[in-house]
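Each chain carries a letter (A, B, C, D and E) given by its place in the written order, and its residues are counted from 1.
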C-alpha cells in the first residue's frame, strides 16, 4: 500500500493542564473517512482543532504527503475545510453573502455557490439574514460552506447536530461525493454517519 | 540567558532554587539590615531637606528595580513566545507583582517625600507621570495574565503585552518629558541632583544592591510557589 | 490580497447593514464631550483652555468602546476560527480589521471633532489642526486598541481590561495630538507634533499587525 | 426572597471567583482620570478647577464599561432564560443584579475617587463631599445603566449603544454630583445638591426595576 | 377520559413578521410525553418558547388544569423545567454550584443534588468549573438541572444534542422516571427519543 496522504504520529494534546490524549497515531488515504467517536470529553474536538493547527499539540507530527504540515501552515490551511461546534456565520449577512465571503477569505472565488446552496436546499433561504434562521437552517448553511470550499480534507465536529432527516441525507450524499472524488474527511460524531468509513474511538 | 536555558525545566529549577534560596534570604536580610543602618544612622541629613532625604535610599533603588523588572518581564515574555520555556511563564507570573510593588513603593515614597518638599503629594511632573504609567503597564500585565480560564493563555497574552510594552516604554517616557517641558509648572521646586557626596552615594548604592537581592529572592520564592500551584492545578485536573 | 480586500469589504458591509452602529459611537463621542461643560461649569476661558484635551480624550474613549467588539464578535460566532484557518497571513487580516475600524470610527471622529470644538470657542486654525492631528493620530489608536482587543479575547470583563491595556499605550498619541492644538494656541510651531504623530502611526502600522496576529493565534487555542 | 438573595449571592460569588475583575474596573477608573492631565496639561490650578467634573465623568465611564456585561453574559449563555422562568417577580431579579453591580463597582469607586482627588489638589472637605456624592449618586448610575444594558441586549455594538442610552439618563446625577463639589469650593451650601442626588437615586430605585424587567422580557422573545 | 392537565388551543406564533404556526391545538395528560418533530425551521423551538411564556403568542390559549396560564405567570413558571438550545450554565461556577444556584433561583432547595449528579454521571466533574467541560459534559449538567427542578412539566429543546450513548441512556431513564411519576414532557427532537410517547409533527 502506498503511504497514506495524511499521517498523524504520536500526537499528544492537553487542555488547560489536563492531558487529553497521548501518542495518537493514524493514517488516512484519499477517499477515506475517519469517524471520531468516544465518550463526552474524550478529546474529539481537541483532536480536530489540533489537526487544523488551532491548538498547538504538545508532541507528535502531522504529515501531508510525507511533509510536516507545521513547515508550511498557509498551504496546509488551504487544504482544509472546517466545521466547528459553532457555525461561524454572521447573523447580519444573508446566507449567500455568508457563503461567498467565507470562500473569498479562503482565497477562492465562490463560483459553485449555487450548487452548494441547492445541495442543502438553501435556495429559498439564500437571501435571508442568518439571524432569522432556526438552529438546523444555520447548520445547513455551515455545511454548504464546507462543500463550497472544495478542499481535500474536511474536518467536521458533530456535523449532524440539529439537522432534520432530509438534511442528514443531503449531508450524507455530499460527503459520499467528496470521498468519491478522492477527498478525505474526519468527523467527530455520536450518531452513525451513514457513510462507509473507519472509526477511531478515543478513550475517555 | 544561558542560565535560564539551564533552568528551563521546572524540576531542575526547583533543585537549584532550594539550594540557593536559604542563603539568598539570609544575605538579603543581612544586607538590608546594614543598608538601613547606614541610611538612617550613618548618612548625614541633608542641609536643605533635613531627615527626609533618607527616603531617597529606598525611593531611588525602587525606581531602578521597577524599571529593570519590566525589562525582565519582556525577556521572559520573549523566551516564552520564542523558545516556549515553561519556566518563563511561571517566572513572569512571579516577577510582575514584585515589580509592581517596587513601582508602588517608588510612587508612595515619592509622594510622601513630595509633601515636605513640594507641599503637595502629587504634581504632574514628567518623571512622576511616566513612573505612574509604568505602574499601569504592570497592572495590565498582572490583570491580563489572570484574566483567563486557561493559565497558559493568560501567560502568552501577558508575554505579548510585555514585549509591546517594553518597546513603548521609551516612547511613553519621551512623550511625557516633551509634554511636561511644554509648559513647566512654576510651583514645583525640584531637587536638582546636586553633586552627590560619597557619604550619600555609598549607602544609596548599598541599598540598591540589597534591594536587588530582595527582588531576586522574592522572585525566586514566588516562582517556587507558582510551580507548586501549577502542579496542584495539574493534579487537581487529572484526578 | 483577495482575502484582505474581501475581509475589509465584509467588515464595512456589516457596518453598512447597521448604520446605526457608527452613529452610536459618534453620538457617544458627542455626549461625552457635552458632559464636560456640564460637569465643569460654563466659563468659556477654562473650556477653551481644555477643549483640545477633552476632545482627544473623548475620541480615545469612543474608539476604545467601539474596539471592544472588533474581534469579540468574530470570536463568539466562530468566524475567528475561519480567519485563523484562511491560507494567507493573519497579519493582513489584522490589518484589514483595524483598517475597517478606522474607516468607520477614526475618520468620522476626525470630521466631527472640529464641529464640537466650535462650541468650546476654539479658533478656526485650532479646529483645522484638531482635524489634522486626529486624522493622523487615530490610525495608531485603532491599531493599538486592536492589540488590546485581541489580547483580551475570551477574558472576563474584557471591556475594562481592554481600556486598562490600551490607555497607557495610547498616551504618546494623546499627548502629541492634544499638544499640537495647545502649541498652536501658544504660537509655537506644530510641524514637529504632526511629524511625531505620523511617526507614531507608522510605528504602530509596522509592529501592531504582528502582535495582533500573535494574540489572535493564541486566542484560537 | 430566597430567589432574590441567592441571585445576589450568585453574582457576588461570580465576582469573588475573579477578584481581579473589580480591580480591573478600578484600574480603568484610575487610568481614565490620569489621562486628563495628559491631554489637558499639568497646571495644578486648571486641574483643581476641573477635578470634580473629571472624577465624576471617569466614574460614569467606569460604571458604564462594567455595566455592559451585566445582563449580556446571562443572555449569551442562556441563564437569562432561567431568570425569566423563575417563579418570582423579575423586578426583584433586576434589583438584585443592579445591587450586586453597585456593591462591586459603585462602592469601591466612591472610596477610590477621593484618593485620586488628592492628585488634582482638592481640599480635604472637597474630598469628603466627593465621597458622599458618589456614594449617594452611584446607585442611580447602576440602575439607569442597568436599564440601558437590558435595552441593548442582543444589539450589536451594544457597548456604545448602551452608553448612548445611559449617558443622557445619567446627566442629572452627574450635574448635581460634580456641582456639589464646586458649590463647596464657591462657599455655597451643598445640602440641596446632596438632597437632590438622594432623590434621584430614590426615583431610580422606585422606577428602574420595573423598566429593566420589561426590557428583559422583551429580550427573551 | 378526564380532560388533560395541559391544554393548548388554537395557538399561533410569528417570528419577525413570518407566521410560524397557526391554530395549533393539543392536550397532554399526566405521564405523557409529546415529541415535537418536523423539518428544520418548522417552529419547534418557537412552540416551546411560547409554552414557557418566553415568546408571546399571537393568538390561542394555554390552560393548566383548565385555567389560562396567562392569568398567573409566576405559578405557571414554577411548574416548568426548561432546557433550551443554550445550556444556561455559568462557566465560572462549578457543576455543583451551577445546579444549586439554578434550583435556588427557582425557589427550591436543591436537596436532591447528589442524586441528580449521579443520574448523569457527573460525580467526578462536580467540582470542576463548567468552562473546562466539553460540549456533551455541559449538556449533561443542563439535563441534571432539569431533573433537579422536580417540576411537573419538562420543556426540552433537542435534549440529545452532543450526548454520547451512555448519557443518552441516562437521559432516557430519567425521562421514564419522570413520566412514571405522573410528570409531563414536551421535547423537540430529530432523533428518536427512545421513550414511548405521542408525536406532534409540525409542518414546515
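Some notes on this structure:
The criterion applied here is as follows: contacts are C-beta pairs under 8 Å (C-beta built on N, C-alpha and C of every residue); 3 or more make two chains touch, one makes a residue touch a chain.
Predicted, not measured: the structure shown is a model, and the values here were computed from it.
The chains in contact with subunit B and with subunit C alike are A, D. By number of C-beta pairs in contact, the leading pair of chains is C-D. Subunit A and subunit C have Cα centroids lying 37 Å from one another.
In whole angstrom, the spacing between the mean C-alpha positions of subunit A and subunit B is 48.
Taking each chain's centre as the average of its CA atoms, subunit A and subunit D sit 45 Å apart.
Between subunit B and subunit E the centroid-to-centroid distance comes to 56 Å (mean Cα coordinates, whole Å). Residue positions of subunit E touching 2 or more other chains: 85, 91-92, 132.
Counting partner chains per residue, subunit C shows two or more touched chains at residues 18, 76, 156-157, 161, 164, 167-168, 171, 175, 182, 221.
Counting partners per residue, subunit B has 133, 136, 139-140, 143, 147, 149-150, 152, 176, 179, 182-183, 237 as the residues that reach two or more other chains. Across the whole structure, chains are in contact as follows: A-B, A-C, A-E, B-C, B-D, B-E, C-D, D-E. Contacts from subunit A toward subunit B in the complex involve residues 15-19.
For subunit C in complex with subunit A, the residues that touch the partner chain are 2-3, 6-7, 10, 13-14, 17-18, 76-79, 81-89, 220-221.
Contact residues on subunit B toward subunit D in their complex (touch as defined above): 120-125, 129, 132-133, 136, 139-140, 142-143, 146-147, 176, 179-180, 182-183, 185, 187. Against subunit D, the residues of subunit C that register as touching in their complex are 18, 20-21, 24-25, 27-28, 31-32, 35-36, 38-41, 46, 49-50, 52-54, 56-57, 60-62, 65-66, 68-69, 73, 76, 156-157, 159-161, 163-164, 167-168, 171, 174-175, 178, 182. On the subunit A side of its complex with subunit E, the touching residues are 15-16, 18, 38-41, 45, 85, 132-137, 139-140, 158, 161-168, 190-191.
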